[in-house]
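In this document, chain identifiers A, B, C and D correspond to the written order of the chains, with residue numbering beginning at 1 in each.
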Amino acid sequence: MRRYISAYFENEENLLRAAKDLKEKQVSIQDVLTPFPIHGLDSILGFKRSNIPTVGFISGAIGCILAFGFQAWAFIVDYPLFIGGKPHFAIPSFIPITFELTVLFASFGMVFAFLIRSKLGPGANNPIHDERITDDRFMIIIDLDEGGNQDEMVKEILAKEEAQEIKVKEIEK
Amino acid sequence: MYVSPIREPLVTGNKTYKKITDEISAPIEGKPGKAWYAGITLTVSALLFGLAMMGYTIWNGIGTWGLNKTIGWGWGITNFVWWVGIGHAGTFISAILLLFRQKWRTSINRSAEAMTLFAVMCAGLFPLIHMGRPLLGFFVFPYPNTRGLWVNFNSPLLWDVFAISTYFTVSLLFWYVGLIPDIGTIRDRIKSKFKKWIYGLLSFGWTGSAKHWQRHESISLILAGLAAPLVLSVHSIVSTDFATSVIPGWHTTIFPPYFVAGAIFSGFAMVLTLLIITRKVLNLENYITVGHIESMNKIIIATGSIVGIAYITELFIAWYSGVEYEQYAFLNRATGPYWWAYWIMMTCNVISPQLLWIKKLRRNLVFTFILSIFINIGMWFERFVIIVTSLHRDYLPSSWSMYEPTIVEVGIFIGTLGLFFTCFLLFIRVFPVIAIAEVKSVLKSSGDKKDKSEKH
Amino acid sequence: MEDKYTLKRKTQYGILSIAGVGILLLILGYFIESPNRQELWANVLINNLYFLFIALFGGVFLALHKIAYAGWYTALKRIPEALTKFLPISAVLMFLIYFGMHDLYHWSHEGLHDPILEGKAAYLNVPFFFARMAFYFLGWIGLTYLLRKNTLDQDLNPDLKYHKRGKILAALFMVFFAITSSTMSWDWIMSIDAHWFSTLFGWFIFIGMFVCGIATIILLIAFLKAQGYLEYINKEHIHDMGKYLFAFSIFWMYLWFSQYLLIWYSHIPEETAYFAPRLKDHTVLFFTVLIINFLFPFLALMTRDSKRNLKWLSFVAIIVLIGHWLNIYMLVIPGTIGNEAQIGLVEIGFAALYLGGFLYVVLASLTKTPLLVKNDPLLKESFHYET
Amino acid sequence: MKKYWKSLTELKNKENSISDQPMPKGNLEQILDIFDKNENGSKSNRRDFLKLCGYSLAISTVVASCENSVQKAIPYLIKPEEITPGKANYYASSFAKGSDFCSILIKTRVGRPIKIEGNDLSTVTNGGTSSRVQASVLDLYDTSRYKNPLKENEKLLWEELDEFVRKELNRLKNANEEVVLLTSSVYSPSTISVIQKFIAQYPNVKWVQYDSQSYSALIQASKMCFGKAGIADYRFDYADIIVSFDADFLGTWLMPVEYIRQYAKKRKLSDGNTSMSQHIQLESRLSLTGSNADKRIPVKPSEQRLLLAQLYNEILKLAGKDTYTVLNTSGDMQGIAKDLWSHKGKSLVVSGSNDVNVQLIVNAINYELENYGSTLRFEKQLQTSKAIESDMKNLLEDMKAGKVKALLAYGVNPVFDYYKGDEFALALKKIGFTIALDEVPNETTSLMKFVAPDNHYLESWNDFEPKANRYSLMQPGIRPLFNTRQFQSSLLSWIGEDPDYLKFIKAYWEKNFYPMQNTYPNFVTYWNNTLQQGVFEPNLKSVSDTKFNYGGINNILDELAKQPKSKGIELQVYESIAIGDGKMANNPWLQEMPDPISKICWDNYLCISPKLASELMMETGDVVEVNSKVKLPVYVLPGQAYNTVAVAKGYGRQVCGIVGKNVGVNVNSLHNSSVDFIDNVNLIKTGEKYDLAMTQTHHSMEGRAIVREADLEEYKKNPAAGNESHHAYENASIYEKPKFPNHHWGLVVDLNSCVGCGACSIACQAENNVPVVGKKEVIRAHEMSWIRIDRYFSGDEFNPDVSFQPVMCQHCDNAPCENVCPVAATSHSSEGLNQMAYNRCIGTRYCGNNCPYKVRRFNWFDFTKADSIPNNLHDVAEMTIDLKRMVLNPDVTVRAKGVIEKCSLCVQRIQEGKLNAKIKGRKVKDGEIKTACEQACPSGAIIFGDLNDKESKLVKETSSKRNYHLLEEIHTLPSVSYLTKIRNKKMNHS
């Protein structure tokens, strides 16, 4: 059995303070759902920095090498044509497309990484806890231990920060 | 985050998060008014007219245009460059202003990006339509074929293919990634089951989880980082269509940055044209404030001045070069048979924006609107001047010629205007024109003072 | 908080020894390499331009941020202000060029019978050349003086009018600079290869100047922080400076490439004549400049952490500063000395001498005023600077 | 039921059974038998021919038009001898249309004549051609041609016609009524013999020769002075100084093809030869000849006589003879006289006037200058113009008087081109029996009752003697396409003789010409060899007596001196270079060929001097009414003499195919006599505007070194004069020059030789299947010419210097066009050619924009039917109908709508030359490959070759100091180069 508690705030500052308190009390915060990104929440929740830039770099590098390599191969090896007296290995001519494909690959790589890592995508059917999370409610979902020892402490912190609709839910595993 | 009190608020009118959501979602939830129907009838008619003219062109040949042996590009490529230019503001606003932490971008970036996409769509049509054999347009892609032939990687037009398609794709990704949370908002508000299903599909299952937001912010920033040089590259590459040639008036090294500046200039003008109306019609004056207009006007004066300096640089260096063809090309621009085009360009692009040094005018909506139209016209003429007046009198006077567009070319241009505004009109009915989440995130720091004082 | 910077003995000795080594190398070089007049004058011009650019960028940095309504930079305003104090000295040094005109500028000779140069004579003639030079310096020195004076006045008076006046001055400076930066680079650099022309040239020079200036400010921040000043400059400020260095190195490459691509592509002799000797006679240097000024900072500053690490950033800044000195060297040398030019003792000596002088002027001027401005309405934003 | 051939013998037997005519060229006829009316062969035979020959759909339509069933294309089952698919056959022949003559080669492919080339073996035309000669091949496939004998526009059989004609002629003969045979000048010995036979049979026949452009004054003056009627043999290549009074000898006067060659030869400069002739032209209209002159003096037509008289007077003075003091001589004339005198015996004075008095003075001048026997000769008199004007005048009087009861007309169109055409038409209608022997309907034949259609010359046998003792044979390149018969055969059959004209010619030659030589032992070899060479030029020395024997000069001069000076506007009617007298007006290639001077095509127009235009407040395009008779658009022509106007004749054809009909205005009604000009012309501006189709609208070089030129004096001092601004940028290149290890094809154009005649452009059009676009599209600058001749005016607007420059693709080794094509549709070959892959082209026109020479042409519409989209054909000249498509060169792709095309340096010819050399196992020889433009050029201005072959003529020319590349400052490294134009401006005495 999994137990958790959910509540929402009407102000992000309350949320931040509550989250900070909870973290200090070693309470595991399952998720925080907000209508917009809250500054400073990442560090409170102890998120590591995203690896998306790395994905972008790698996919960009692939695009870069692929584009330049293909152009050079097509012009030097596969079908060398004499064009305008230019050398076959016309480096400056290859730069624009190389650049474009680098950007294209990097962008696609990152967006796909983002969607896949976040399990987002067309048809993704994530549970919607409250329809006003995307409006003006800042929801926090806190894991509770099975014994219910933390319940009171958590509720207290939440109540202190004017949390609304504090609900405890239990889900059979 | 601390914001100095001397800064103007970016969101006015005592907004709460709820109010923001309600007001921005209103156009999607409500029924369109008569004006909207009238507008879309007009734009769709223009689009259909343009389509008919395109069909006529494809059927009968480019001979239906006013081009000739000397002037191979006219309105078609002028419009192409003009539209691509307009398509630069959106990504500039979202990418470069994001990198420079200009918060005022938040209320305009969504519509500006949408505009970018529509403008690039319009632009993309022209290289295809202007081909003698558009049905074989797929030859520009380096696909393996029985002839074993690849494309010519030396060709700026080929670079264009890659640049424009990359730009469109990346802009679309950027725009859509930004839209996902707001589509989530709409999904959660909309009543109709069918619409809810559609928005649900489009929202990719957005929940607003902190981890998602973290990744979302990270990807937005990096995409902005990528899009910023992309913006520079796209119009630079478009400029190489001309600048790599040997034609006087086309071949000049300043073109890449100067085209970029001009593109942003014209893009902002178009953003202003659209937003001054949109904010009024959709009651978004509290989000797109006069302060926003003024900020955009500052960009206009900066880029307009850069463009002006580029014009003068070109003129001066043409004289300085001592190359008779260069000298003639610029003399001909200013005093030749197309002198009027040159002076329209000069007046609209260089002289009239200088009025924006006056703060009162910067904050005057009517003036700004008129000026933005002027700049749209002026920037169209800039491309016309570059393309037509350079070509019509180049090296050998024996081939000198004149160019006059036909109704077919004009019709196609009208058609793209129709396409652009049709898309925009549909867009404002379907997606939030202002990035809801982003505006909310700056509300506390940059909302108006009254608002804050009441809250505390 | 230490209010004022004091020039320590140690630092003074350091600066003096740089200049001293410069003089020593010059003397040595004079006898070993026996440079000709052209080489000497070319060196004067190179270093004149290089340090002028850095000094001038101080004004650009201030004005640009002022009109962009930026807040974060307010806390480090005094550094670019100090840079501009070198401008009067630059002016004197530039006017010295008068004595080396014929060695540097082919067009300044009389009776060349060159129809192209005759066509340019209305612009390229010695009196007008120096008239323009005077005009430029008058504008730059005057406007940067006013900009600086304005902030000093503001220190004493919290009135918002200084803020507004600053914006007007900044706009005036930017307009003046936008025009003169191009003409200045045509006059002093492009006209060395008097037949050659490129419309992009002025902007290319400007971006080079931007990179040098940023690198110098980074180094000064690092130096002052190492001395225990500027504790309010946090990682975010450093990060922004790093982003500048990174972005403008790329932008510099973009402009370099734009110019090169178009000339390479069209292959018109009037234009390629500029690159041909640089490619053929200075091949190594030609590509070295590109690697140092683009590839190195691009790779070195790609990650977020590298831009936030002041030590690493300072190292990159030093390399980039060397790269841009080489860049100016490449701009000046083929048209003056020609293909036998080499970087030797004379070159290093001149550079060191100038560097010493420059550092002394800048650091000395830093001691004159408090390191932190007061009463700027945006100052608080700079203190609370975070992403 | 199908019937296949068993062997070639059977085929031959069948062939013989169809026609008794000897086979001129093997199996050609076999194919073409299908066009013959089913006279002998059975239907199945004809089908077999088709199956065997395997003609394309193109032929099927022709067949259909001959009311044969449509056949499918079937490849060769058994290959006929001589015809190898893919290989061209050449037949030596002659072009003759009225007074236009040229020795030619007919290029045929699978039995179709597709191109005319000059015959190098002829010493008359020397392998040169003119635009009209080049274009004549298209007339073969003209849809407007007569396809059957006609009676009152009703089709009838030849037998019926013959019977009727014979009956009628005999009736008239018996009644002794006058029958007139009206022809253009006949200079075919065999034809003359046929006509003589015809007259012998019908003594009541009177033979009248009529030329649309009369040279009777020349003929008569010669007779009056020297007792020899005829036209002297002009030798411009012997003349150090040429003074021409309105004689457009490079354009339309007598034998331009021959004269251009002579003229260019005398003016060809090389490192070894720095002397050239000096040419002074006095004229009112800026003619092609005038535009090439070293000194041109604009004078009114009426003043020319007086000036000639002055010149004569001055020369007499110099000769120390009696002078006519009544004349005051202008400074110009004194100087010219002195110059002429100092080149006595090596000078030439010519006049284009058709006034006998003028020609008498000219003869007297030349006689005083001792030019007879040197630059003027009688032993090879020109024979192409024989008509005496008064004959025609008399004929018209006779016709009006009803004296003429029958008229047989051949090769003439007096209703259109005679100045009393209307009267002629009225008189013609009165004649009871009229029969036209022309190949195409025209204003005259349409009024005639019978038509016995002649073959096209490419279907005909004939012989010619264009100059005395210079014979040239005409042989067909194809069997008659339609049910037509040669004029000579018609005459022969009407006198009851064997209508086989070839037999007749052979017999005539065996009797008359065979004995003139001793190279060949028997007639068969003589005939075969002569036929193969096309020309027979026996070495005969006939010394002419050139004793000047005319005493009336005094009277003429007295009369001239008395004449008052004309004050009014004078109008000159001239022949245009392209259209000539209008006989070929239905030829779209010629209609679309821009006039060398005005660069206008598809129209005639009133040339007016700039000064007069500004006085009358007129500009180009204004429509004026001339003498209240015709309305013409104005063209302000620099160099046109003040108070003069000029207009081309040959336009405004009414009875013509669809191409030429109603193009321009017929100006014959302006004449009231046949004199050189019309005085006191009244011009009224109508206020209307008219679009003229101009291929060049800007006339100044803007001071650019495009056509580089120098004066002879400077050139003698410095061979690189005018060519100093060489841009030596050897070290400026930042990548290596491309290398071409085997061949590096190139072309050089000597601007000093080029006279601007335009033959090259038509040759190119024929060779390369260049489409015709029509007037409207030319106005929109959509013309497709691969080679154009740029014409620049420089200097004084009232008397400008003119420069011509043929511009074709320059085949740059650093081609700006190649760089920018996104799909690599244009690239460089390993032999230095700039290539176009038409089927790869998507038509961005980027290459065209980027071409500094603007030589790339775009297919704006579907001009050629090569497009797959229906109902979008843009063909104003029926060029895409199957019959006309037969003229297409199968070696050159027909380009579809939306692709770029341009000069390929005749890559198909290069390929052919290389293959020929390869088969023979040797290298390509210099001069072996000739581009179409080079081949056609009468002046030899264009030389093609291999730049890698250091011994080639091309390299010799390109290593000259005069050599330069067009726009070399932009480093495109063209393979085409030019030699500077040198003008011999310095007059010794004036």
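Going forward, contacts are C-beta pairs under 8 Å (C-beta built on N, C-alpha and C of every residue); 3 or more make two chains touch, one makes a residue touch a chain.
Just so it is clear, the model here is predicted, and its values are computed rather than measured.
Closest to the middle of the protein, by Cα centroid, lies chain B. Interface comparison, B-D versus A-D: the pair with the greater number of contacting C-beta pairs is B-D. For the pair chain B and chain D, the distance between mean C-alpha positions equals 58 Å. Between the CA-based centres of chain A and chain D the separation comes to 81 Å, rounded to the whole angstrom. The distance from the centre of chain A to the centre of chain B, with each centre set as the mean of the Cα atoms, comes to 29 Å. Rounded to whole angstrom units, the spacing between the C-alpha centres of chain C and chain D is 72.
Touching two or more other chains at once are residues 735, 814, 816, 819, 824, 827, 969-970 of chain D. Within chain A, contacts with two or more other chains are made by residues 53, 81, 83-86, 93. Among the residues of chain C, those touching two or more other chains are numbered 261, 263-268, 270. Here chain A touches chain C in the complex through residues 53, 57, 85, 92-93, 95, going by the rule given at the top. Residues 263-270, 272-273, 275-277, 279 of chain C touch chain D in their complex. Interface of chain B with chain D (complex): residues 58-63, 66-73, 127, 130-134, 136-137, 139-140, 147, 149-152, 154-158, 161, 241, 244-247, 323-325, 328, 391, 393-402. Those residues of chain C that touch chain B in the shared complex are 67-69, 71, 115-117, 119-120, 123, 160, 163, 171, 175, 178-179, 182, 186, 195, 197-203, 243, 247, 250-251, 254-255, 258-259, 261-263, 265-266, 268, 270, 377-378, 380-381, 383-384, 386. By the touch rule above, chain D contacts chain C in their complex via residues 727, 729, 731-735, 814, 816, 819, 969-971.
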